[in-house]
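Below: one structure in structure tokens.
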Amino acid sequence: MGRIVGKPNSSSSGSGLRGKDLISFKDLSKGQVISILNESESMLRALTRRAKLEYLENRIMATAFFEPSTRTRLSFESAMQRLGGGVIGFSDVNTTSSVKGESLADTIRVVASYADIIVLRHPKAGAALEAAEYSDVPVINAGDGSAEHPTQALYDLFTIKMQKRRLSGMSVAIVGDLKNARTVHSFAYAVAMFKNNIKFIAPEQLQASGEMVEDLEDNYGIEIEKSDSLDEAKEADVIYIPRMQKERFLDPEEYKRFANYYTINKKFLSKANDDIIVMSPLPRLGELPVEIDNLKSSVYFKQVAYGVPVRMAVLKLILGG
Amino acid sequence: MGRIVGKPNSSSSGSGLRGKDLISFKDLSKGQVISILNESESMLRALTRRAKLEYLENRIMATAFFEPSTRTRLSFESAMQRLGGGVIGFSDVNTTSSVKGESLADTIRVVASYADIIVLRHPKAGAALEAAEYSDVPVINAGDGSAEHPTQALYDLFTIKMQKRRLSGMSVAIVGDLKNARTVHSFAYAVAMFKNNIKFIAPEQLQASGEMVEDLEDNYGIEIEKSDSLDEAKEADVIYIPRMQKERFLDPEEYKRFANYYTINKKFLSKANDDIIVMSPLPRLGELPVEIDNLKSSVYFKQVAYGVPVRMAVLKLILGG
Amino acid sequence: MGRIVGKPNSSSSGSGLRGKDLISFKDLSKGQVISILNESESMLRALTRRAKLEYLENRIMATAFFEPSTRTRLSFESAMQRLGGGVIGFSDVNTTSSVKGESLADTIRVVASYADIIVLRHPKAGAALEAAEYSDVPVINAGDGSAEHPTQALYDLFTIKMQKRRLSGMSVAIVGDLKNARTVHSFAYAVAMFKNNIKFIAPEQLQASGEMVEDLEDNYGIEIEKSDSLDEAKEADVIYIPRMQKERFLDPEEYKRFANYYTINKKFLSKANDDIIVMSPLPRLGELPVEIDNLKSSVYFKQVAYGVPVRMAVLKLILGG
């Protein structure tokens, strides 16, 4: 499938997403992101009033999950069915022809002949781009290796829009395991696109890469600070804190040392900006204690719920329902 | 979700199930059980005439199965789709965020944000009640540990109603592994609610617990007998016989000893009450030899089939379609 | 279920498939095969114009997969949903009651009470026939052991029809692991039924069985040649080449020796009949190098795509939608 190459110019009608792959958040223009967020808001309204939607009534989505991810899979499957569409798929690579030596290209070509769109999850970075080359139908990247997961970045932005009623000119603190959590990368680019300043708060060993920081500064003209003190996040408008990625630590002692390095607890929030919102890609561990679950600042369960309307919007815009 | 606390009073309109959880058979009032059985009969008629039902057209049911149970899962998935609804779910806990240390409460909160109702299966007793506390949508307990599986008790009752054309005043023999089979507990309370006398027939080691017997006698005012002789079941109106629960025997020799302790064969049935019906939660093993499969008394395959209309009724009444 | 016994006589209206099982390609009369292929062509046209089909709107298909086969499962699930139907199923036998000792007959009886049709995959030859005896709903054999997979033979024929615009009087070369590839058997009977001559091209150790050759010659009156030289396939109208079935070789050395015994490469095709088409049951390995993927002769990905309209046709004709 022709993935999104270059940015559609202003005269192109609509979002320019119809029939396109969605491989990386960076492939999207600001205009396209805004289109998706607006469509997401319509979808959310439709969900709220329990409207019966039939936009994708004759369409089938395949979830091709070469590694398991129940959350992402269920959210996409819910989104597709909310739009009236059908779902097929696999989530256990051991039951596919891959075990008989079939290439990714061939598996994708076969699945593309059964469905109208493929949602791909794969352990290898670059797999989604490769799949898109061989698929006759659009491919949505639902996470490939440590690289990209664009619909997650989109519903992160949607969360900010819905909770803050704006998208720009804010201070965003990204806290914790910035080295290993793959969502950090997409999230940082998403908020940079909308001209928000970023504070990367992490212990030295887990800080955001110099390359990324430089790229963000150079290409988006935003202010970036680094710190290892959670106090720096107090004045932020948004805190984003992924869990420590236990499985990526080679040394269990090091994991233990950092497991509860930062905790967004009641005490911290009592000193923080009154309008602060706390986001997480979930699952959460000790960094977000249950004592804050019912505070108005704690929007992480709303955030995960927004995954459905945002994925509905993406499916609708790509399939042109 | 507000589970069913106390019994709805007589002035409450309808079944009082709308928006409620269904955690334990004991949470249901007799009136509610009757409502469900009546609705089940409508559903059965609709199935028989292949009516196209759209009651739950915009709704999605999540099957959150933390341990596998193909029979129960397929039956619920069939029921939901027969009502026009969609299904998402998982049945392999190893693919969920639980392996990353996510709590049941958090997994449920996430799934609740993708679906309109959750059908939960969990190895731990009490899990369904805990899930209901954290879910924004109704939770149906589809088996948690050795405790409860209310829709099974409901379709057991429905089987009696459809096959005997009455629900009360009968003699019910419950035979076999009364200690380990989790369905015995729910079934006993279900028939007690409708004032049927019970004969618990089991070898001493596998008899029904004294507590349960006492509770049934005290609270339902029915007559209960205990025996280890299958002959005592001959005059019953209903026989209910679960398989020996091999996996719960610590001593394989003891299992072997009891495996074929009771057998409902042709010879037994030739001496039994002419209108007797033989029920089983299935799967069946040697206790129900295939030689009786085609006798009119053998209703165990009808019983499992009734799972669909009964679960349709429950889904419809809870989701208020 | 009454499987197809004998051939329907000419006065029977329609295809005579309504309510029937589909266990073996050999159970089908030539008239029935033609009906299915014609219906498949209508289905293909409907897919091409994205028509909304509602033929099986109130129906549920169960995929009872006792061994995994993602390709076949997804193709059937897509077909059923394209017709407006619902899907339930399992693909991991370890989650079924089989592990508690339940017989195939009982599992099938239960699944039959939840669905309107069963698509069965099973490792044991004869399992589909046994299942059909106990099922109250039609059973489609989607592969049982090394024996039969009738819908695959049907879409192989459909591929020939769509690509060659005829079905008879051609020369068909079947090349490679003729001993172990289960699709060879069905395919050979399918092309024999339509009076095509067959060249079995294989090394001596992997040749087609004498029994099958004799049976084809005796019952279909076609010409059959055996050879181990790929050159003999050059003048064929159709080449069919399964992969070497690595998992069936007891001696890894022998597998290595035959793995790339035949290769349909550009060089071979440049010398072959200009209208030749190359088919494969997929997955493909070294026998079909990617260098030929874009040649007009290479129809194997079209072939797998045809699985959907053909299975739609079969489901529609059996369920009488």
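All chains are identified by letter, namely A, B and C, in their written order; residue positions are counted from 1 within each chain.
The definition used in the following text is that a contact is a pair of C-beta atoms (placed from the backbone, for glycine too) under 8 Å apart; a residue touches a chain by one contact, two chains touch by 3 or more.
Every value quoted in this text rests on a predicted model; they were computed, and no experiment measured them.
Its C-alpha atoms fitted onto chain C, chain A is found rotated by 120°, rounded in steps of 5.
Homomeric contact chain B/chain C: same residue numbering on both sides for under half of the interface positions.
Inter-chain centre distance (chain B to chain C, centres taken as mean C-alpha positions): 41 Å. Residues of chain B found to touch two or more other chains are 92.
Interface of chain A with chain C (complex): residues 57-58, 60, 62, 86-90, 92, 94-97, 100-102, 105-106, 109-111, 113-115. By the touch rule above, chain C contacts chain A in their complex via residues 50-53, 68-71, 74-75, 77-78, 81-82, 91-92, 243, 246-247, 282-285, 290, 301, 304-305, 307-308.
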